[in-house]
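Two complexes follow with subunit A in common, the first pairing it with subunit B and the second with subunit C.
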Partner chain A sequence: MRRSGLALLVANSLLWLATAQAATRPRYGGTLRVAMGAVPSSLDPADAAQSGSLAGRNLSSLIFDTLVALDERGRPQPALAISWQAEPGNQRWQFKLRRGVTFQDGTPLTADYVAASLRVANPSWKISPAGDAVVTERDSPAPNLPAELALGRNGIAKRGGTQLLGTGPFAIHQQVAGKELTLAAYNDYWGGRPFADSIEIAMGQGFRDQMLSFDLGKADLIEVAPEQAHRAATEGRRVESSPPRELMALVFAREKASPDEGRLRQALGLSIDRGALSNVLLQGGGEPAGGVLPNWMTGYAFLFPTNADVPGARQARGEVRQASPWTLSYDASDPVARVVAERIALNAHDAGLQLQLTNSSTADLRLLRLPIASLDAGVALTALEADLGLPQSKLSGRSPEELYAAESMLLQSQRIISLLHLRTSYGMNATVRNWSEAPDGAWRLGDVWLGAEKP
Partner chain B sequence: MSFRRKLLAVFALTVFLSVAAVTAIVSSVTRRAFERADEDRVAALVAQFHREFNRRGEDVVHRVQAIASGDEATRMALAVSHGSPDYGAFLSVAKNIAADQQLDFLEFVDSQGTIISSAQWPAKFGYPESFFRPAAPTDAFLRHEDLPDGGALGLSAVREVNVGDKPLYVIGGRRLDKDFLAGLELPAGTRALLYQNLGSGFSPQLLIDPLGTSRPPDPLAPLIQQVQQQRQEASALVHWSSDAVDDETVHAIPLTGQDNQLLGILLVGTSRRPYIGLQRHIGSAALLAGAAGILLAIVFSGWAAGRVTQPVEQLAIAAREVAAGNWSARVPVTSSDELGQLAEAFNRMTGELIGQRERLVQTERVAAWRELARRLAHELKNPLFPLQLTVENLVRARQQSPEQFEEVFRESSSTLLAEIANLKTIISRFSEFSRMPQPQFQRVDLNELVRNVARLFQAQLHSPDHVPIECKVLLDEGLAVIAADPELLHRALSNLVLNAMDAMPQGGTLTLRTRQNEEGERAVVEIADTGAGLTSEECERLFTPYYTSKAHGTGLGLAIVQSVVSDHRGKISVRSQPGAGTTFVIELPRNPDKLPAADSSGSIPTAKS
Partner chain C sequence: MPGIRHNAVAVYNARIAFLGMLTFLLRLLRAAGFLFIAVFLLRAPTASATDWTAPEAQLASKIAAVSGPGAVALDITNRSSLGRSDFEDISRGLRSQLAVLGLQFVYADQAAATVQISLSEDLQNYVWVAQIHQGAGESSVVMISTPRSGAALAGQEAAAVVIHKALLWSQADRILDVAVVDGNPTHMVVLDANRVAIYRLQGDRWQPEQFLPLTHTRTWPRDLRGRLALRKDHLFDAYLPGVFCRSTASAPLGLNCYESDDPWPVGTDQFALSAFFTPSRNYFTGALAPGVGKQTTAPAFYSAAPLPREKYTLWMFTAVDGRVHLLDGITDQMAGKLGWGSDVASVHTNCGSGWDVLATGNGDGASDSLRAYDVPDREPVVASQPVQFRGPITALWTEANGNGAIAVSRNAETGDYEAFRLSFTCGQ
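Our next item is the complex of A and B:
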């Protein structure tokens, strides 16, 4: 009697263990349903309007590979290129290509295709195939070229014909412009076939609609607004948040015209209560930012002050005799942007400055969300300067001192007032397994597999 | 101005004044009626506005009360009572509740007036509520709501949530906007606007017009500013264009808030289109009536004038005829009124004049016959007396001295024959006067005629039988040719020259002058002497036939002259004073109608010398 009970117990335990192991073992198959707010006008990685955004980077990483990838610490790692070498002076580089890589139509990846693709994204570079390698020549030293090649815009694409093809884990299967994109798993992906058979992406959905779809079970993976992440999590939803990967900032349309205008810009910067923006308006979905790059990237961001100094702002304002009102534009499709802009206007009013909110494209100030383009701080800084149309810093190396100086120079130009570093948050249901992001924040949906059970 | 025109002017003025008076009265009555109707409409609309205001206010109060009683408010009040609340936790609360309760404004405010959560301005958490008053009325009231893009007027209510130590205030409301005004039932031709008095001066953007007319609201600025200053109702006539039809009577009613501050102005506009249209109709009708009246006045005045002036004109015509010598002119008597009596009197007068003239003529004729008889008797007596003496001498001589009878017979025969010739002369002169011929008109050069007369009497004027008489001939060489009988004119001028010579027995100056009269229409011939002159009485009787001042003569010479002048349709007059000589003035018309149709010779015949 005791032996039979013990046997039964052992049998039950073995059965449970087998079931549990089956539940955690990756499975192939299924369709991952994703909702996002952006509507990329183009999937071409070289399209500058798309490659710089997080959404563009997310989609690009599913379809295209770059020659180089960056690890968590921003160090270049092999991707389509297995090795690289720079000649003295860092102007001429050679990247040796990985063998056995094919495009999604089966065409082998060659140096010619790589060179052609890179030329589209970088017209000023001299790029030439050299056997199974690609040689790039720059007009000036480019010590961070590998990190640059890790940017999404340098994804290798085969253009021409009716379809855009990459070497990534998913291929474009079907597209309804502005609404839906269906990606199908590429079975011969050099990094291994992805687990999911396909990904269905619904585009152009606001945060509220995405949340509704999620709650109704129509979406497996959604974007969560920074100010909603905390609440969504407390309401029992599964929310994954990244380190801050976006900069929310005020950007002036032109250079300051006079020292008086510089004082007024200084007054504005001192008047802003970043804590209220972060803690209240964004519900902790961001961190007050005094500098351009986040602290986790540079380690020195804390040196830039973030606290409001209203008396100092009033004093700076008082040194100027007359101040004309400024116009401030924001993204009307972003619900939190309007509230942030209104709060900034209130803070400015406390300092004696007038900000008028507008949707005009010719406003004096713009409230922008700028993605951190690269894990490489230098590349990220120069990419941000390029996005803003500002002169790019000349960085010879990657030393923190040089970076700090360059970032300080940018801030001293008073063209930009950093406000917050924003996290990206995603909501996903329990069927989504093995979720992770690339160090640069891009989706790694190739590693995601769909669990059988539903929550 | 003629009587007809005077009459027309009087009638026209009467019509004009009548029509103008009636028009003015009707216009005044119409205006007052419209003003009364306008006042009634405005009062009705204002009452309706207040009813709608109260109704919506009650709804707002009800909703705010529900919110204040809800869980969210309680939770918030608890958080506030525990200290500084987590604004982040309540950031969207007001907005969500406001959406649920269909409120435009909702704020949660702590006892210090600090905003905890705001639906209309979420970013304003932690800031003081600009218009917060702890002691708020229980009913809804008008309130200035602060908004990021300015301000707005709201119909709001306040409720207190007393949970814990410190109260929480719930301020909720609805916007006063186009929908509120559109909900009012407006009479035809009336519209309602709302001016949000959220700043100083006038700003067109603050005017709410549910109809959204395109015309700029600047004409309303003076009225609005007046209400802003005086805080009282006011009215004004607003001109939207140069056409009076577009005018609008606008009444402005101030709307006050909690502290009696002026927050809004309700503008009620009443179109003056119907009134102006009616005024124009009245004006058109007045014009038509006036025109018709004047037309009638013209017709009536013409008829009346005709009735009055025609008899007067007939009277005037008859008077002119009488003045011209036609004493038989009569005025028809067409009525028995004063004009008829006047016509009768005129006819009686002319009848009497004719009678008197006939009597005068008869008297003069009798007098003339008497004078003729006296003259005849005188003239005939002279030759008859010698005849009688001669015959008596012959009888005596035959009886007493037959031997001398032959000589006496011879002497007596010559005396008898001379006196018989004298009698024949006298008789022939009388016969000649009675048989004066009708003038034969020809082209006559008066200057030449006068020269001929002067030449004719030149010898007599310098005859050694009497003192010489100087003859002056003063002719106007520009004198036009006239139509006349040269023979008769020559005779007439000769008679006058003879009379002038007879008036200067002691010599003197005879002047023959020709000229044109002042108007240039007549030829004038003057025969002047420097004799003894005539008295005024003699001048009057001068042209009476058989009147003569001479001891000898038939007295027919001047009568012949007058007859000739009269036949030529001329005029003769005399100027004389005793001792100053006498001047006879003959005026002769040109008589162009008397000229023969063909006068091919073109010569100017003159009288025979």
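Our next item is the complex of A and C:
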């Protein structure tokens, strides 16, 4: 009896051994090869263009640390600062720095460096060193300041000379502008040396080129176009997709000039078939968005309608006697943007509106991809407003009602029409182990280690 | 005679009636028992212990402030991770709170207003939203939020036939090792990256007794590891990468830590072996003290397990190269591909050849497993069903007496580290 039981166990085991992917304790060493489409103009975290893109933020988070980090639920946690305290009124904050942290050239991190770095990113803030702490004074109450300091643009950098240094897990080792970037593990990183020795990043590669590199074994980690993610997975590639967290939206270049223009903008919003954009064009790579922030962040986004209402759009259009054509620009290097722009122009046409696609920088409307900047919904909303050059909402607290009112106000301004919340998808080969993203999309490559191809 | 017959008949009939009643009652009781168990089983996993009264009252009051008393059509939808039981509790609670405030529930065609309540959530809170439509006017929206508790743990995983795991402790900080000091009272020592915590068993709960901070200047490596060793002349030693700590002998305990490359114990009291740990990595260098027979080095390895033989001890090492090496004092033999993880521990189970090897399995995803193997000669043979863990196993150490083991895993759902004491029975 025992023998037959054992035999069964052995048989089970053989099956298990054949199918199980053996896991090992993380291994140190190796080079992770990454391919990406973006070509960040600068690696400086304070560079607005850099921090506004998902790729830029990802690179920044590898090299630079922030004073505060947000956890999975968007709650501030210690990073370079180990504690913080606000004075009554939330205008003056003090952040006590972690001891023993060094920049990647071995220079100790001091309050002077932190203050200088934050001043570059936030010229209007009053920031001063105070012993082993940094004091920040704002003109108005800033209850969400810790979460703001977790934004990528507030990464602490040591500038000066030719080198840009951070305190993050990887240091810039080599850079061929616009093409390649090599990062080396920082052995004395305060959070523990990364497992991989280095990361080689090939930049400016289209989705097709990335997939080719991946299939030829020249890249370990690549970006996958949202509409390709499902197919890539069914073809046997390992694809990891995030929750929807990048907003695709139409943004008007200027305020509406008249109530009639407001009616036309309303007509355009009603005409768009977001369901088709999501399900047909993107093959489920995004979700229809009526609001700016996704529902998983706010809990109320379902209140903003996403369904197309073509009769309503026609009615709104019909209330305006004359409507000049609008020009719509999009990122010509983004194939997703092109097909979405074309479909929107068709939807608009059905409602009696004319949209002319262009690459001009002076278009009436822009089709933009806007990454959600923070897991703190209030900070994310104000950061998005700042990126778009719109007046920033004044939020005094964290109540969902207040946030809902602010977001409703932004949408009612008719400067922005939300379309989709996009997922980000990555393809990675079997050697890439312990892959994870922070909920805000930042790569956690310090935790990634490289295993054997076939364990 | 008639009396007797009557009596007999009466007795006979009465007996039948009594037995029938008894049988019926037993059946009824059994049915009720099954029903009770069924209801309990259905109810238990989703039973709600949360008191929703305050947020229910808050939302009801906001709704009533907009709608006023009167006839409304009410619809409640769950858009959150709340379970059915909680959803039903909350729906009942909201209805009763709204009724207290003068709202009557009617069909839509008889209603002065419609109220659509959505139980939604954001990252930190449940967000309950009510849309109130009155007449042809625009709808009003009111909402409240209430903190989400940590994700509820699902029912305990079924234990394997011969490996029994008992949860000792869980905490948010990474647990490196746990040692149980059996005695009266029983104590538990928990080593993490920042401190050693001492707990005393009181009833069925561990009560904190003392916290001893680890003082060190070194930066810990990723995948931090550490080991506790109970001692006879003082309570314990703690080994961490590049740091050694020794406790004092008597309460209140003190802890003296200093930088040290002293080798860590990797065996048991009975089969002792020490090995040098790489201070800035997560593995042992391979240098052994005193060594296995004549062999003083092994390949760099993650873990080691002794397997006593009649005249020698066979040592298994899970090497950094991904292979399992067997050192018998003279030769270094590589095992075939076993599909094991990088942590092994040996335990005295008294089953099979007496000692078994525990090996981790797939720890790369949201779960991990542990399995016992008998090693009659050099080829491991499966000896147990795998025991599942709800996240990767981050530490696996044999207890000093060799009869049990401590496994720590990081629960992929909650993010907490959970330390289990493993014990074994055989013959199943």
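We take it that the second predicted complex is superposed on the first by the 430 of 455 C-alpha atoms of A that agree within 3 Å, B and C clash if a C-alpha of one lies under 4 Å from a C-alpha of the other, contacts with A are read in each partner's own complex, and residues count from 1 in each chain.
By our rule, contacts are C-beta pairs under 8 Å (C-beta built on N, C-alpha and C of every residue); 3 or more make two chains touch, one makes a residue touch a chain.
Keep in mind that what you see is a predicted model, and the values were worked out from it rather than measured.
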Please indicate which partner A:343 is in contact with in the superposed arrangement: first for subunit B, second for subunit C, both, or neither.
first
For A:28 in the superposed arrangement: first (subunit B), second (subunit C), both or neither?
second
Check whether subunit B or subunit C contacts more residues of subunit A in the superposed model.
C
Is A:192 touching the first partner subunit B, the second partner subunit C, both, or neither of them?
second
Please indicate which partner A:160 is in contact with in the superposed arrangement: first for subunit B, second for subunit C, both, or neither.
neither
One more residue to check, A:74. First (subunit B), second (subunit C), both or neither?
second
So which bits of subunit A does subunit B touch that subunit C touches too?
none
Subunit A-facing residues of subunit B, complex
87-88, 91, 121-127, 148-149
In the complex, go through subunit A and note every residue touching subunit B.
227, 276, 279-281, 283-284, 339-343, 345-346, 357
In the complex with subunit A, residue positions of subunit C that touch it
79-80, 118, 120-127, 129, 131, 141-145, 217, 219-224, 280-283, 302, 318, 320, 322, 337-343, 360-364, 368, 371, 381-386, 392, 415, 427
Please name which positions on subunit A make contact with subunit C in the complex.
2, 6, 9-10, 12-13, 16-17, 20-28, 72-75, 100, 187-195, 295-300, 302-303, 375, 377, 399-401, 404, 433-434, 439, 446-447, 451-452, 455
